[in-house]
Amino acid sequence: MNKIAIFPGSFDPITNGHVDIIKRTLPLFDKIIVAIGVNTQKKYLFSLEDRKAWIKEVFKDEPKVEIDSYNGLTINYCKKAQASYIIRGIRSALDFEYEKTIAHLNSTMQPDIETVLILSKAELSSISSTIVREIIIGNGDIGKFIPHSISDSITKDKIHRQ
Amino acid sequence: MNKIAIFPGSFDPITNGHVDIIKRTLPLFDKIIVAIGVNTQKKYLFSLEDRKAWIKEVFKDEPKVEIDSYNGLTINYCKKAQASYIIRGIRSALDFEYEKTIAHLNSTMQPDIETVLILSKAELSSISSTIVREIIIGNGDIGKFIPHSISDSITKDKIHRQ
Amino acid sequence: MNKIAIFPGSFDPITNGHVDIIKRTLPLFDKIIVAIGVNTQKKYLFSLEDRKAWIKEVFKDEPKVEIDSYNGLTINYCKKAQASYIIRGIRSALDFEYEKTIAHLNSTMQPDIETVLILSKAELSSISSTIVREIIIGNGDIGKFIPHSISDSITKDKIHRQ
Amino acid sequence: MNKIAIFPGSFDPITNGHVDIIKRTLPLFDKIIVAIGVNTQKKYLFSLEDRKAWIKEVFKDEPKVEIDSYNGLTINYCKKAQASYIIRGIRSALDFEYEKTIAHLNSTMQPDIETVLILSKAELSSISSTIVREIIIGNGDIGKFIPHSISDSITKDKIHRQ
Amino acid sequence: MNKIAIFPGSFDPITNGHVDIIKRTLPLFDKIIVAIGVNTQKKYLFSLEDRKAWIKEVFKDEPKVEIDSYNGLTINYCKKAQASYIIRGIRSALDFEYEKTIAHLNSTMQPDIETVLILSKAELSSISSTIVREIIIGNGDIGKFIPHSISDSITKDKIHRQ
Amino acid sequence: MNKIAIFPGSFDPITNGHVDIIKRTLPLFDKIIVAIGVNTQKKYLFSLEDRKAWIKEVFKDEPKVEIDSYNGLTINYCKKAQASYIIRGIRSALDFEYEKTIAHLNSTMQPDIETVLILSKAELSSISSTIVREIIIGNGDIGKFIPHSISDSITKDKIHRQ
């Protein structure tokens, strides 16, 4: 049986932290779907199209990585995508508490889906999409926080949120 | 003297977690007032009337439980309701840090009101109103998270927030 | 039915932190048993007799407070003492994590015994028996940390541990 | 070389917690700039002018304290102000996790700027601007939480946010 | 290439918590080695032989599970056993902080070994070998905390530590 | 007035984490005393002489750094050494909770001594003397964790504890 995992998130935008988690977990799975959750009540800095395009660019040479987007509950998307694993990166005890709640809840609703937690590397543990967005808005240099291959395309002009 | 406690919250909507805390603390008190705090700057998913009605339904056979709503500071409501105790359920260290701040503050402003912290049961510790709201919006099944007696009435049609 | 609670601990020695928790919870119960747990594998700085005597002195005018000691599991002692409540003071998120584990475990083994958590006051939250012992050994002044009525009797001469 | 530190924040409004941190760190530095960060996407309860005026009033007799405001990233402001130190007060483990992320990030972007963390005093650790704002809105008494010299001027009439 | 993981620990004794983590991660790997770390400076309640025998009994029908013991650093054992993954169960934020330190350290010393963190189920998160040992010593009933197949053999007579 | 700080610890042995904290805080003070606390009830892996010699070697070119040892309470040593500041490095929320308790206690006993908390750099935050000792005992390579100038002298032969 194929081992399929999803790596859900907003990826607004994808960071070196995300890329590191995906690369480190790829050997464990036959396929990892980078799954952009779409929440109509949430505002994103960049458009879904841009966010997808950046992830595609980063993983264009990794055939085991797919990119998709979904609405609704993550476990429902897992069933649709025939994924049995959810990958989550954790940086801090705060992340852990949040992931624990979600993972316990998912396991109450869908006991056959397993959550695999992967620790961010120490030197990447202060990076988050939130922080990258603030640096972009504050005109700082995000070059150390996002993949080289897309660092020229993630700019203030791409800001989508009104 | 009567031992009166309030159990404050938004109850948007009431969950099995809330019900468990109330039932476990009832023997300690002569009366528990389930007190819905109304914050005009906050948006609720369900109307105050629906939230009140659901709590009433759940505790219709518990004469020691009353339901009320209030504006302003919780300690001011306590004085008005002649309650000397505030009951708070805690699920995680995050909840604890939040409750500690509020309890210390309340005790600075009103030293004769005591906060009693009760741990959620392990199997209920991933349930919160926030999560129940997300499951409702995401079309998931909330049957395991809210009392049976009201599970038919908490539906998407009741959503009040525009 | 009588509401009996135990307040278990080593009380090596009793501190102002302990006394504050007991005084604040007394109105909730008909009797609080200050119960010194005896663990033969643990070394105590002061003898069981001294620790008991100090607690007795502090609460000599509180008829609702009893002092006792016990071996074995706390929940077994609760049953023997007909206590339905365990009171625990918490100072920090670390305390909380510890108490959560113990409370969940106790509730697995004995579901009808309830744990009531009470927050230390902010100004008492750095006091612990461990710290008081270190100050005594380091020849510091413990006057601010233990009840006045016993501050003359808790001295280095009373140290029992070899 | 002069030792210049900034103490960044929203100060919406300044509290006794802020004042205590500044007074305790003043001896370490030649100048502390209380620097109000202006984020156009954030709403403040009080106007920038009022917030500045209150801080000025509180420190009118401290020649080493200056007041300023800035847009954009804090480390960019540090460079402009020739400050090598960022002072941050921490009250809880939650504050700590947040400050850790920001400090690591700042040190990635600007390694020569050092963050100095100072613990809130126990009795001030439940005070925050957020809480003071809620008490003001809830018609409670903030006298214990803000400096005496400005307690008459921080009133509901000054509320700026629409 | 074979995917080999080790699940290191003292297993003094093995609990339902350990068994659950192993069963949930088995589908991800070709082999899981339950590896008992032997630290000559640490005292164990049960003998290495008993601890091994109990794990063997529990997994006698799982051909993918092997049992072994080792001295020295875990990453050195990984290399010897050709394992590229270390599995760790986490129950709480405290566990998380501990595992983070160890995992970062291991990755500094041996970057090609990956740590996979798996959350304990909510209802198992208060179980630990430490607690099971205390219940055994306190004459409590450990039936709910260890696998049925070995619950008759883990008794006070087997205590090895003097 | 001279700004004197102490940096207290066991330094069993000194690590790159300690060295980084000292170097980063040196510009703030006129003198930093690296103060080895001697607790007769604690066992150390290395002798006090070796631990002192290693620190001296590391800071032989830093005239503002002194090395000393002391018995009893840290705040009493501060008074003797005329130090008004205690420097502490923090790596994690666990460290923070510990330091908070100690700092609050010290400020209760000696309000004029200030504790300055400095965050470990992300890449050094998994290093501790405890871990370095375990690697030495487990025959691992500590080269990345201790200063180059002493890495040849910290060896298993120097182990002092019986």
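Some observations on this one:
Note that the chains are named A, B, C, D, E and F in the order they appear, and that numbering of residues resets to 1 at the start of each chain.
In the analysis below, a contact is a pair of C-beta atoms (placed from the backbone, for glycine too) under 8 Å apart; a residue touches a chain by one contact, two chains touch by 3 or more.
Being a predicted model, the structure only gives us computed values, none of them experimental.
Common neighbours of subunit C and subunit F, by the contact definition above: D, E. The minimum number of touch steps linking subunit A to subunit F comes to 1. Between subunit B and subunit E the CA-based rotation angle works out to 180°, given as a multiple of 5.
Counting C-beta pairs in contact across A-E and across A-D gives the higher total for A-E. The chain with its CA mean position farthest from that of subunit A is C.
Distance between subunit D and subunit F, defined via averaged C-alpha coordinates, is recorded as 31 Å. Per-chain Cα centroids separate subunit C from subunit D by 40 Å.
Touching of two or more other chains is recorded for residues 92-94, 97, 100, 104, 122, 125-126 of subunit D. Chain pairs that touch one another: A-B, A-D, A-E, A-F, B-C, B-D, B-E, C-D, C-E, C-F, D-F, E-F. Subunit A makes touch with subunit B in their complex at residues 41, 71-73, 75-76, 93-94, 97, 100-102, 104-105, 108-109. Of all the residues in subunit B, the ones that touch subunit C in their complex are 3, 24-25, 27-28, 84-85, 90, 93, 96-97, 99-100, 103-104, 107, 114-119, 121-122.
Contacts from subunit F toward subunit A in the complex involve residues 92-93, 122-123, 125-126. Subunit A meets subunit D in the complex at residues 91-94, 125-128, 131, 134-135, 137-141, 144.
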